[in-house]
Amino acid sequence: MSNSIGTLFKITSFGESHGPYIGVVVDGCPAGLTIDSQLLTTDLLRRRPGQSSITTARNEQENHQIISGVFEGKSTGAPITIIIPNSDARSKDYDHNLQVLRPSHADYTYQAKYGHRDHRGGGRSSARITAGWVAAGAIAKQIIAAKGINVQAYVNQVGSLSVKVPYTQLDLNTTESNIVRCPDAPTAAQMISLIEKVKKEGDTVGGVVTCVVSNMPVGLGEPLFDKLHAAMGHAMFSINAVKGVAFGSGFEGAAMRGSQHNDIFEPGDKITTTTNHSGGIQGGISNGEDVVCKVAFKPVATIMHAQQTIDSEGNPATIKGRGRHDPCVVPRAVPIVEAMAAIVLADFVLRAQSTTLVGS
Amino acid sequence: MSNSIGTLFKITSFGESHGPYIGVVVDGCPAGLTIDSQLLTTDLLRRRPGQSSITTARNEQENHQIISGVFEGKSTGAPITIIIPNSDARSKDYDHNLQVLRPSHADYTYQAKYGHRDHRGGGRSSARITAGWVAAGAIAKQIIAAKGINVQAYVNQVGSLSVKVPYTQLDLNTTESNIVRCPDAPTAAQMISLIEKVKKEGDTVGGVVTCVVSNMPVGLGEPLFDKLHAAMGHAMFSINAVKGVAFGSGFEGAAMRGSQHNDIFEPGDKITTTTNHSGGIQGGISNGEDVVCKVAFKPVATIMHAQQTIDSEGNPATIKGRGRHDPCVVPRAVPIVEAMAAIVLADFVLRAQSTTLVGS
Amino acid sequence: MSNSIGTLFKITSFGESHGPYIGVVVDGCPAGLTIDSQLLTTDLLRRRPGQSSITTARNEQENHQIISGVFEGKSTGAPITIIIPNSDARSKDYDHNLQVLRPSHADYTYQAKYGHRDHRGGGRSSARITAGWVAAGAIAKQIIAAKGINVQAYVNQVGSLSVKVPYTQLDLNTTESNIVRCPDAPTAAQMISLIEKVKKEGDTVGGVVTCVVSNMPVGLGEPLFDKLHAAMGHAMFSINAVKGVAFGSGFEGAAMRGSQHNDIFEPGDKITTTTNHSGGIQGGISNGEDVVCKVAFKPVATIMHAQQTIDSEGNPATIKGRGRHDPCVVPRAVPIVEAMAAIVLADFVLRAQSTTLVGS
Amino acid sequence: MSNSIGTLFKITSFGESHGPYIGVVVDGCPAGLTIDSQLLTTDLLRRRPGQSSITTARNEQENHQIISGVFEGKSTGAPITIIIPNSDARSKDYDHNLQVLRPSHADYTYQAKYGHRDHRGGGRSSARITAGWVAAGAIAKQIIAAKGINVQAYVNQVGSLSVKVPYTQLDLNTTESNIVRCPDAPTAAQMISLIEKVKKEGDTVGGVVTCVVSNMPVGLGEPLFDKLHAAMGHAMFSINAVKGVAFGSGFEGAAMRGSQHNDIFEPGDKITTTTNHSGGIQGGISNGEDVVCKVAFKPVATIMHAQQTIDSEGNPATIKGRGRHDPCVVPRAVPIVEAMAAIVLADFVLRAQSTTLVGS
């Protein structure tokens, strides 16, 4: 396994869905930063199960504890470790999964790769783990905020319902005003109805989260192989259930002509472009425009229907979802996407400090 | 900059478009492998400029030289270094770019980040550099071939023309039979016409490459943060002009229900699934089904039209493409996509060898 | 800061001397290994303060808790996290250190580098942190034991008292039979007397730990830059108070002739050498002979004498040790040296599994 | 194999003793630095074989070529690649080594680990490879020189002849005034005589190189696991034939009392210490005093005597050195030690730029 990500700002994730704690070690946080524990709580509650009628009923208070690296409210440069207890794990719900392989889950691949696995609640492969990432992301956000950078994600699509207006015509500060986290109120209402309907049917549905990074400095990104979008893409694909990632024009860009797609520079003191098909990144380096990233999530694999499947010996079996699960992950994925974006950006802010020699 | 990728099988890229050589160091190639230099030539010629009427006219013979790590035709475990001369660089063509910033190129971001850049032919940001990756990929292909793994990419879309049938109904061995590298002959013909038309107009067009990895072993991928698709996504986003990457159902999966999307296991000796919306990866680990990845390329930024732009002082300027450029990159991107897939897979084959203790 | 070490078997350390917990995340432990928690306890108690009359009086029970990565007594491949509470921290003892810089401690350098530091008990720079390394080392020992490898360290020198016989004439299984951990009983008795005398004088004394790795396989080590002894040396220099590391003939080898120093091969089925000046490593790769490493520790900086020093403004000041400190670290350093050796060896055992392609 | 070292300033080494080129890729060199190719030549000539009567007769001109990363005399931020042809390789000299294992060489361990090796002149395990490191080191020296840091190494011991005065009483600028590179002229004369005598006897002799880094900034080093001396120790142990590394008091420190060893701070504007037993590093971080490192080299393994050994089947055999070899490596090791020190320091200078957030 490989449970760390980042070069200078690096997080190491640990824990299982039904262990005593999940957590994270954040190494490389610059010293002297005021760490606002409340901001961790805020984001953890945004990701928290049981937060609304359209999320899983698992009820976690997400009472995180910072056990190292912060002294008198400030980072010391030492690794910051955060642990979060799993207080509402019901392992019994998963006894039936021991022998039966859940379709489109990680049961089979974990079993095949590791031989021995903690099957309770998905164990290490559970999205529960992302609570630690969100905590780390809340620290990363404080680093990038010190440079003025702002990360805001929102739900852009649920099933085939999508927001039709570009984000520049939305007020992203209203994202938290509804439980689906969509800043386009009419579409939000439709999305909520759809998720409720899907939930009632015992089914699940996918969606798309859009992430907008505004007030970007020019120069973040380390080509060739740590292009800003390559590293962000890596981080996004690390999130459970993500099947696609796109920047700027994305897959639509493939259908365009160069004469349409090129982002024309505007004369002026600050260099800007009239359009942003590049998604704020050219040659792997930020150009100061907003970084715009879309992240596609497949529907949750656990459904409340009976499904044909097999057991670990390959014999036919039937499975029906038990446990507590989300009918659609994207509302809770919004803070996770923001966290991963912030974690990558914090790393690149620090890395950019070594592009040239300082003070010589 | 960060010019290495991989953990155990690691490549380090170097060189600029108009320097004496571009090249690559491949570290971690297992010892004792027969290295067929001809396979490097084959893939380099597939990527080669000047190969057909729909590619740039720059004429490189791609005469690579292996200068270390191979002895008597076999890998020794030592780093394999490959250099490729730049024989047909015409730096003069780029003198006009010194002051004027080309829209949607890396001129501005490189200039802003590094201050000092080699502007000739895009310098370090040029796709010329990917010749080294293709050479490294040809070595990686020999590693994964030893495990039976096969990587085949093809052009799935040019502009708004796309292949309508799934890859399972195509013969991927026919991909090389036409210059656009599309195994669906009627669509290929249309694509070629479109590219010729676009070229005549002095414009460019984007496209999509699909990559299929067949005969996959179960168990490749290192969650949480080096999930197989996260690492492959990282590698694909490293390729010039890529704006989107998707696995399996990708962005279409967002619109689906769980009951549709779940890949049902089939009873039997070998564990397989009836559908492959997962794209061969569950929980970040290969499940033995084909890994299917789509990579979206924006249209080439250099067009032969006059475009409004600015100079490096922010003053208005006009630019018109000179030099030799591709009207559409996807035909030449096919071997690059394959190379990056193979490079990641070779790394994960080696990493998987440490999941459990061998022989104890 | 950089708080991780290792490539495939990697540990991440966290915690401060007077925080609620110190701990470690062990990533890359092979799946399916029986993890004997008692072996962690055994080594933690060997490192434990307050274990004998010649160690510090700080009294820690070292009740570690494994909070992830082990299920039903076996490793799952997921990261193994161990936390150890700091139960006997007396932060008040250190209030006098806030302004005054302790000579030959890390107070000044941490203050200068990070600006903001946890000064209590040395904070992050305290040797207390090594408890986590010892716990990780106890897991690493279980990995290498599965390959037959055995790591045994002992105290070879205290002050100017040193063991005169080579380790091959000692019974290393008697190391734990005395509180100074020297398997040469007469020398051990002298060492204990010396430490008691030094302690009574309020002074401290240095020493040397010898580490012997026996039953080594041939082929561990990853030249050029991860030669086995380079990685082990790195790990040893990471231990607090280490000023020198040597392998085989070490500094004595500098005075020798090639004709004396060369280790002559002996004919036979198993390839062995008549002498072992190489310390079991040739060209950075183990040759199957015992790996022999010497690690020199400076005397503990905290002494119970008044010393001239300065405060953080550079003004003259006087300091006199308070708190609870060791008069000589080497007895407690023995399990730390073993742990770091085992951690490196476990990594190289896993890395060696990728030298060639398995099963193809 | 693992042929890269460094985190932000990273070098990747390649090549074999008798291949067409050896070389190095330097990634992470800050952009905009004037790269003086002449300084590479200077250091390469200091390491060059055939430079004096006491070195090997192999005659290399070390005509390096910078093939990437430098444009109009300045670094661009892109990887800097340097190739150096092997012009005087005489592979025939090594045919007799194909079957016979040379004692205390890497023949056996490379053969056992990799199965397949380039035996000519030691192949990848040859010290020839360090020419690339010296070239990279000459670039690193230019980086650290921009911060005022100065690295100077010298020969402190040959056989049992050692310099008796501390380096502070020597003029290190005279090191190059004699062929043994010892700035203590009377001892230098004795050393030269000793090496000539040893050479005449067909034998070899070991030695010690001392490395002094002066004008150090405070704050270089990344504890816990990248303490400055741990990383430097790692780099030094990477050099062929090194058996021991020590900082400050080193192994002598083990015999000292804390009351003697502690480096007392001196009151004043700039914080300094009266002694430097710490070797300029406390808690893994530089304190502004000189970093002082001693590196012990074993005697060269190739001697001109007949030695008993075995062949690769384990049968008795006899070997007698042929080829061209050094009777003592330390004179030529001086620039190698400096290079490795500079490479580590350049990395830590860049890493220190991320300890705190710049400009926020």
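Letters A, B, C and D name the chains as they come in the text, with residue numbers starting at 1 for each one.
FYI, a contact is a pair of C-beta atoms (placed from the backbone, for glycine too) under 8 Å apart; a residue touches a chain by one contact, two chains touch by 3 or more.
No experiment lies behind these values; they were computed from the predicted model shown.
For the pairs C-D and B-C, the count of C-beta pairs in contact is higher at C-D. Compared with chain D, the chain whose C-alpha mean position is the greatest distance off is A. Centre-to-centre spacing of chain B and chain D amounts to 39 Å, using the average Cα coordinate of each chain. Mean C-alpha position of chain C lies 26 Å from that of chain D.
Annotation: 45 Å between the Cα-based centres of chain B and chain C. Shared interface positions of chain B, defined as residues touching 2 or more other chains, are 1-4, 7, 13, 28, 31-32, 77, 113-115, 124, 351, 355-356.
Note for the complex: chain C touches chain A at residues 1-4, 10, 12-16, 19-23, 25, 27-28, 31-32, 65, 67-69, 71-72, 74-79, 81, 83, 113-118, 123-124. Touching chain C in their complex are the following residues of chain D: 1-5, 7, 13, 101, 103-106, 108-110, 112-115, 124-125, 129, 157, 159-160, 198, 203-208, 218-219, 221-227, 229-231, 233-238, 240, 243-251, 253-269, 271, 273, 277-279, 281-287, 294, 296-303, 305, 307-310, 314-316, 352, 355-356. Interface residues of chain C, counted against chain B in their complex, comprise 7-8, 28, 30-33, 77, 143, 146-147, 349-351, 353-358, 360.
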